[in-house]
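By letter and in written order, the chains are A, B, C and D; residue numbering begins at 1 in each of them.
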Amino acid sequence: MFIVNAPVEKNIELDNQIYLLKVHCPEIAGKINPGEFLNIRVSEGIHPLLRRPFSVCDVEGDYFYIMFNIYGEGTKILSQKHGGDTIDVLGPLGRGFDLKGDFETAIIVAGGLGAAPFPYLIRMFGEKKEIFCFVGGKTHKDVILHGMKNISIATDDGSLGYKGNVIQLLTENLKLIKSEKAKIFACGPNAMLRALKSFAIKNNLNCEASTECAMACGFGICMGCPVESAKEPDKYFLVCKDGPVFNIADINL
Amino acid sequence: MKTDLSVQVGPLKLKNPILLASGTVGYGNEISGFIDLNKIGGIVTKSLSLKPRKGNPPQRIVETPAGMLNAIGLQNVGVEEFLKQKIPFLKKFDTKIICNIAASTIEEYVECTKILTEEEKIDAFEINVSCPNVKEGGLQFGNNVKAVGKITGKVKAAASKPVIIKLSPNVSYISEFAKVVKEEGGDAVSAINTLVGTSFNIFTRKPKLHNINGGLSGPAIKPVALAKVLEIHRNVDIPVIGVGGIMDWKDVIEFMIAGASAVQLGTVNFIDPSASCKILKDIEDYCCKAGVEKISSMTGSYII
Amino acid sequence: MKTDLSVQVGPLKLKNPILLASGTVGYGNEISGFIDLNKIGGIVTKSLSLKPRKGNPPQRIVETPAGMLNAIGLQNVGVEEFLKQKIPFLKKFDTKIICNIAASTIEEYVECTKILTEEEKIDAFEINVSCPNVKEGGLQFGNNVKAVGKITGKVKAAASKPVIIKLSPNVSYISEFAKVVKEEGGDAVSAINTLVGTSFNIFTRKPKLHNINGGLSGPAIKPVALAKVLEIHRNVDIPVIGVGGIMDWKDVIEFMIAGASAVQLGTVNFIDPSASCKILKDIEDYCCKAGVEKISSMTGSYII
Amino acid sequence: MFIVNAPVEKNIELDNQIYLLKVHCPEIAGKINPGEFLNIRVSEGIHPLLRRPFSVCDVEGDYFYIMFNIYGEGTKILSQKHGGDTIDVLGPLGRGFDLKGDFETAIIVAGGLGAAPFPYLIRMFGEKKEIFCFVGGKTHKDVILHGMKNISIATDDGSLGYKGNVIQLLTENLKLIKSEKAKIFACGPNAMLRALKSFAIKNNLNCEASTECAMACGFGICMGCPVESAKEPDKYFLVCKDGPVFNIADINL
């Protein structure tokens, strides 16, 4: 883990107010894995007080990217950063996706900004794995395709692709996936992850999901980010330390 | 000129006045990746209870203006696990270990103390009285002078080490509590624990915290904490450990001027895990420049 | 759809829930240069005492993280001068005038009430009990349930208008105070007054405020104020006016959800003198969008 | 009084970290008088929370200037403003200098940043009055001559001009001022103003001084800025409303 005051290379605005912040940070770019995250201090002052957690979106050499939208005050400040500014980054943090293991096909399921961690994951798979991306959003505006491959799209209002949620789309398209050895990598709203969990269990597919939770520290000292263990319901995991990526069977969403 | 940074908190000698506050550094492991714990005056552990506690469901954390609310629900590994799993790690460091104890009955406070006091790596106890008293229908021990007196006396009797009582700020006259702690033989008080607060999501109309209420910490509460430390120092002859909203070396000096013999850093650890060592260095630099020979001379040095 | 913004605070009907808090708009003159007072639900005057008060020497104001400390010392023109010089100006406006009274003895509270209750422009009283009781060696009335009950009963007996008691937050269980106010016939409570705080200049080692302690206000205290409002609403059947750290329309809605029938804006007036009217407009816009027919339906609408 | 979100024209750094902020604000520039002040919100957020008061330093057409140094967080933020940024200005505020009245000679006494209000005052006098400027500072670094005229300088350490304080300098040079009808205009630290008060009384010279006090509102609603009345010591004036400029005989410093 490092605390780095890292220079912003540039701030790219994709369509629909989605931002890609490119940051020069060899220490972290060299170490971080897909699904791990960074805890970013958006202002030097005391407001906003806490850091803001962001998944690593991609890595190119000495640079990492994060992807975000303007959600509140912190992301607003981040959206105004440009080349030359510096940001205070804490990372790499947490447990990312497990790229090893015995699977040939990676099924990527992303809901809205849940797309954020996948460009890096897909880059790491390269040609080694067959990849199917199922991308969902409320409307076409919420569908983020950046860095995706072999894409199927679902929107709740049908304004783009399949009309319905991404899990329904996945269910209907599962037959397309020939391989016996497929694994799901997911990130998105809790409702989606809940539906995905039962889907994965029903079809006994191995499934890892990146989860979210309000955080203070991001590295295990505040106990602020619990997620209940499925096997021992009297126990909580910490999203920031034991996650944010969990085998979806291990947690109660 | 080199400043003598060591301070005395009653019977407890610290190499410097910087302590890490309970619940804001767990049991020291994670933060040790960012700072050399040997440099710090001491670590106060996350509150320990007799049995492990699961803690509250999420959401446990809410950011507020210049502060944060937490409702962790005293999640902790329990006394036994602490001794087995956490003490061995802490043994590696030359720093004071202050064991913070939380309980729901006076008996549980005593029970925890008896078990922990056997461990020689533990240098002192900090008693968190900001806990609901199950026998009193969940009313906080910390808001009741009699209860705090009773806890102090009984824990002190069971302890072979210094006992610090961590006072609740959610009272009218905190010095009354410091007074009873002194009368019952307590060695020092920590002031303050968090202020009770809440926050709502105006669209769902639900409290943001699953627990509804949480504890307010961070810079927002610093003026309140300073007033409480000053009130104790002016009214009761007992060492005070100042806690609440410290972000930099200036805040540390301010607390010492107000009457603190030592201080604890809490929320700042989340924002900058290396803050404690930075602050320590800044304090050393300042003391040199200002020609302060012993930092302990700062304590209660206000001119009123 | 047009939202009905009017609210009922016990017997007091307001055209909307936005009041200007005591001590943060003087007697209305200066702020009227920035807002149309006819639009506001009401004005709470600076605390008035029987005789004029000089107030504290400077420094009276200190900025703190997301807040400020004030130690004005209740500087005010006194009851007589208020009736002669200030009421005529206030008569020009169609808005509720709530007269805030401060005193150092229970008799003085009653005396002020008797004089002011004759003035028909005054619509209600707000009693500031966060004042030192000279007969009790300067202990605050507001920290003593019995004293607050006594003040409520006697003032109510002397008043021909609604009586609101403004509660101190520097207590363990504010609902006990709301309870005694209800028992003694008080019509409503305001929560909260400022938290006690202080601040030092670390180089001079002197308190920044001449009075040493001051009252903490502003966004920093909002979570505490919300928790106090919620505590009262869940435990006592009395209208609550929410005060503490309101900066925008979202804060107003949050206070109403937590149980406030109306709210008061304080510190925000210093930062943006036109805030109250902006907030009023934003609330109207939000209620329209959200399809809120009567804003009073928001009060205590929390889902817990 | 106005609340204006006014565009910064430019931020000029004089020597020794003294800044001149030029702001385009016809409403205020057209109304404000020498010695009056502005209460400026340096950040949109809640930190720093309170506005910061600054004397009007000068006015040119639709522009006003303020002069400041980096004292704390607020002035630091102001020092980083540049052309194109906007600042939230509340003003004109307070009671300024009385330029009318029967005097031929204006004696200006400035200590350190007390120089701030005088460029505008001197501009307004133009050729109508004979002007003597007495400017003091701890060291030569603290001497601000911007917009001054006919200057005598004093520094405590003698690093520039007369060695001693500006009141001693004034005392020694009083003889130079021939006119019977002279009036003093002063701004500076309280210690200086106290010395000046006794000087003015001794030499029965009419003297107006611009005072400072911690402020919240800046326009009379918080009662935060008292200064004791000399004539009725049981009464306080408000610096923001009754001042900041007072006849020095009327207040207890």
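Here is the rule we go by: a contact is a pair of C-beta atoms (placed from the backbone, for glycine too) under 8 Å apart; a residue touches a chain by one contact, two chains touch by 3 or more.
Worth saying up front: this structure is predicted, and the values here are computed from it rather than measured.
Taking the definition of touch as given, a chain qualifies here only if it contacts chain A and chain D alike; those chains are B, C. Look at where the CA atoms of chain C average out and do the same for chain D: the two points lie 36 Å apart.
Note: centroid distance chain B to chain C, computed from Cα atoms, is 34 Å.
Our note on geometry: chain B versus chain D, Cα centroid distance of 47 Å, whole angstroms. Across the assembly, chain D contributes residues 46-47 that each touch 2 or more other chains. Looking at chain C, one finds that residues 62, 65-67, 218-219 touch two or more other chains. The touch graph of these protein chains is complete, with an edge between every pair of chains. On the chain A side of its complex with chain D, the touching residues are 45-47, 73. Interface residues of chain C, counted against chain D in their complex, comprise 23-26, 29-31, 33-34, 46, 54-63, 65-68, 70, 72, 75, 218-219, 247, 267, 269-274. Within the complex formed with chain C, the chain B residues making contact are 62, 64-67, 69, 140, 143, 170-173, 195-200, 202, 204-207, 212-214, 216, 218-224, 226-227, 230, 245, 250, 253-254, 257-258, 301-304. Contact residues of chain C toward chain A in the complex are 65-66. Within the complex formed with chain C, the chain D residues making contact are 1, 3, 41, 46-51, 90, 213-228, 234-236, 241.
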